[in-house]
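Shared between the two complexes below is chain A, which pairs with chain B and chain C, respectively.
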Partner chain A sequence: MSKVHVARPLIAAAALLCAVLVPFAYPHAEYALDVLFLIFLYGAMSAAWNIIGGFAGQISFGHAAFLGVGAYATMILWSGGWSPWATVPIAGGLAAIYSIVVGVPSFRLRGPYFSIATIGIGEATRLVALNWSKLTGGASGLTMAAGPPPQVQYLSALALCAAAFGISWWIVRSRFGFALAAIKQDTDAAQTLGVDTTLFKTLALALSAALVGIAGSIYAMHYLYVSPDSVFGFSTAIALVIMPIIGGVGTVWGPLIGAIVYTFIREQFAVKLANADLLAFGLLLVAIVLFEPKGIVGAWESIVARRGIRKRAAGATAGG
Partner chain B sequence: MVDLVASQPSSSGRGAGPLLSVERVTKRFGGLVAVSDVSLQVFAGEIVGLIGPNGAGKSTLFKVIAGINRPTSGTVEFEGRPIAGKRADRVCRLGVASTHQIVRPFPHMTVLENVMVGAFFGRVPRPHGTRAAREIAFEALHFCGLAARAEDAARTLTLAARKRLEIARALATGPAVVLLDEVLAGLNPTETDRTLELVRAMVARGVTIVIVEHNLRAVRGLCSRIAVMAQGRKIADGAPTSVLADANVIAAYLGTEPP
Partner chain C sequence: MDTLSTLISAMLVAGLYATMSYGLALIYGVLKIVNLANAGFLMIGAYATWWMWTAFGLDPLLAPLIIIPVFFLIGIAMERTMIQRVVDQEPIISLLLLFGVWLVLQNIAYLLFTGDTRSITIPLTDAVYQRGDIVIPWARVYVFAVGTLALVAMQLFLTRTQLGRAIRSIAQDRDASRLVGIDVKRVNAIAFGLGIALLGLAGSLLALLYSFNPDFGRTLTLKSFCIVVLGGLESFVGVAFGSVALAVAEAFGVRYMPASLQNLISFVVLVVVLIAFPKGIAGLLRRRSGV
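== the complex of A and B ==
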């Protein structure tokens, strides 16, 4: 057991180092860098969603709102003369504040009712962005001429992704993580044991929204264009739910695996069959719900567990 | 050795005042009066039994004290501070823990992790480190005879063990008072005796107990005082032998003899 505990952070650190070196080792691999950028950006959002949706069990279909708030904050300030990097903490902070404002009343609802409320929050936010044209540019959105070089974008997405997974790794070992797990498994029992359930749900949501808001900031620097349908769209909100579910809801590394699978499928279909990616995600979701609710990570763990039992059984036979 | 039970704070040593005081509490659900004008005082070191026929309002009174339900009227004081209407988590952090009548372990946690939740979030001040919480939880499990099951999934426990897990979780919060709601229901005689021993050991460590129970033989042997509720009202309160011989109590349980 202890071998595994030492090995995993080491593997993660080695992988991180390799990822940092990619743009220096392959300065001309632009497409690969772009795909990796997307994996890390979506991986960060997927891990962020997993904090509230996976660890705390509060399924949100409204996370596109936080992506949009972050992306618009960066675009508006950037076009007003700010350095885009200076807008990053503001994007994260505004998304967190917005999440608290909409989250506190929503947390009076539980389970599926909370989830339905988050759909409403996402759509309401999109409509505000659409109609507040003075600030947001309305349906045509906001554009910028040029952004940071792709290598810098890549490294910033990587840093955010590493931070999101570092935080997830810490949460499952901490008092905070115990609170979220207790809330997920039995909110009433958690409360009788002294867990301030509303406080911890709100903290988890704010942390999740801040990370997604920062992702929105990097998104704006990458695409140089934000519009209500791109960042606030329901398909964006669904993407944030699909990735952790594919990889493994409530696990630390599942959201990254989900982001890899998601980006790969989308890139494949974007070239060959537009919109058929939605069919692929639909089939994948059905398979996961039917066979392995904990996604790819869950499937892997049950394979390992079965092998362990077989090995032990074989050892017992050989020994006897 | 970790101190499981927070030592009685000096602030509670205000003479002979009650640790827990329920004053004229009424709880209505729409037209139904579940608890009607009930007063009850609990002093440090007591084991108070709360008995009565089904539907008498015992569990509702517990829920009012624990902060799960807000009383329609009346007050509840703990260590002289009003707690009625405070949320359940705040009541727990002040030092009043409770067990659920229907056991509800966190199903996807181990037995130890279940108890660690109580250790992490109970009566303030709490240790923040995971290691300290683990030690407190282990101590509580050991105390409740569950140490051997620490690493097992909570959902694999038998009913009797789950009931002890409920007690271990409540104990890990470091309470001054524990409200036990039918912890003996569904247990066989051997398990019942073990649980009664456990409750006595808790009192020996300085925890005050209020217990709702239907097993009158157990209550008579265990409690220093018994309060009886019927149809939402308290109809008797006193030493076990005199209360159980009271004509009103017998009438509430068995009905009156026809003339």
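== the complex of A and C ==
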């Protein structure tokens, strides 16, 4: 067992190093760089959603709101003459503040009621962005002429993704993570045992929203276009929920696997047949919920566990 | 005069809201799961009506006669194959399952019918009743009448028949119902089927009033959530109350804000009510009266 504990961070560090070197080793592989950029950007968002949805068990259908707040913050300040990089902490900070404003009242609700409220929050935020034309440009949105070079975008998405997974890795080992796990299992029992459930849920949401807000900032720099339908749209909200669930909700690496699967399905299907990708995600979601609620990571673990039992059984008969 | 006109149209809208929300409340009441695929079934109900009208020339007013039994059977099949497996798990599991079902329904509709906006125009949809300042489209009156009729029939079924009483008893206490010999599995399937049938009917009626595309129903579903939350997720009378409250709030709220923000009213009401009265207004009344 201890071998695994040492090996995993080493593998992660080696993978990170390789990922950092990609744009230097292959400066002209633009398509591959673009796909990897999307995987890291979506991976970061997926991991961020997993902090509140997976570790704390509070399923949010409204995370697109935080992506939108971050993306709009960057676009508005950038077009006002700021350097886009200077807007990154502001995008994260505003998304976190917004999440606290909407989160504190919503956390009075439990389970499905909370999830329904988050659908309302997402829709309400989209409608406000659509109608507050002076600030947001209304339905036509905001555009910029040119952004940072793709290699720089790639590295920033990679950095955010690494940070998000570093934080996830830390959470499952920390007291904070234990508190979230207790909330997920039984909120009332956790409260009785002295866990300030509202405080921990709010902290988890704010952390999650800040990461998603920063992802929104990078999103704005990449697409140079932000509109209510793109960032607050239903498909964005769906993506944020589906990735961690496909990969393995509540696990550390599941969200990254989910982001990879999501990006490939989208790249493969959406080009050939519009909406076929969303149909595939719907079917995947139904299948996962019915057969393997822990997603791809869960399926992998049960395969490994089964093999382990078989090996031990084989060893026992050989020894006996 | 203007206020009267607004009130009348608000009441007619409330009837429609009640029809589409009743299915949600029934399914929640019996199975204790939130049907997030609500919007999908509304949308399929609307498309089924439109498709039978354009392909076979079936009068859209007769469409419910086919839609209700077919949707009932679809609901039962769905309960037997999928819902049954998640009913006893934590609520988030069924929520995600039905979210997936919604995605599937929505995107099958995109593939079959494209994203083009469709609408149904028959003589009824253009006719209006006019007297002085009051203008009432006949289609709204028709939809209100059919919806109310369905709800009354449902209420009679739930209160007067053995099966209806079994459904209500499960909504009250599942374990006690099991103890007195009610076949909970069978009743679950029937309740789910009835809920889906009501959604099909509501979708068919909505198609007479609004144009629709595969994304149809998302805003309406949020309104349904708002209504059942206002009325309490398990209270059938509460649904009627919530429908009236939301319809009136929207009809009058729109006087003080741009029309494009009308849909915001239901979300704001939803969030405020959820926060102020987590058990719904009906729960509050029950607590006050000490029942």
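Structural remarks
As a working rule, the second predicted complex is superposed on the first by the 320 of 320 C-alpha atoms of A that agree within 3 Å, B and C clash if a C-alpha of one lies under 4 Å from a C-alpha of the other, contacts with A are read in each partner's own complex, and residues count from 1 in each chain.
Note that contacts are C-beta pairs under 8 Å (C-beta built on N, C-alpha and C of every residue); 3 or more make two chains touch, one makes a residue touch a chain.
This structure is a prediction, so every number in the text was calculated from the model and none was measured.
Once the two complexes are laid over each other on the shared chain, residue contacts for A:131 go to chain C alone; chain B is not touched. For chain A, the partner with contacts to more residues, out of chain B and chain C, is C. Contact with neither chain B nor chain C is seen for A:17 once the two complexes are overlaid on the shared chain. In the superposition on chain A, A:186 makes contact with chain B only, while chain C stays out of contact range.
Once the two complexes are overlaid on the shared chain, A:194 sits against chain B while remaining clear of chain C.
Of the two partner chains placed around the shared chain by superposition, chain B is the only one that A:174 touches, whereas chain C remains out of contact. On chain B, the positions that touch chain A within their shared complex are 66, 68, 87-90, 92-93, 97-98, 100, 104-109, 113, 116-118, 120-123, 128, 130, 133, 169-170, 173. Residues of chain C that touch chain A in their complex: 34, 82, 85-86, 90-93, 95-97, 99-104, 106-108, 110-111, 115, 215, 218-219, 222, 225-226, 229, 258, 260-261, 263-264, 267-268, 270-271, 274-275, 278. Across the complex, chain C is touched by residues 57, 59, 61, 105-106, 108-109, 111-113, 115-117, 119-121, 123-124, 127-128, 130-131, 234, 238, 241, 245, 273-276, 278-279, 281-286, 289-290, 293 of chain A. Those residues of chain A lying in contact with chain B across their complex are 173-175, 178-179, 181-182, 185-186, 188-197.
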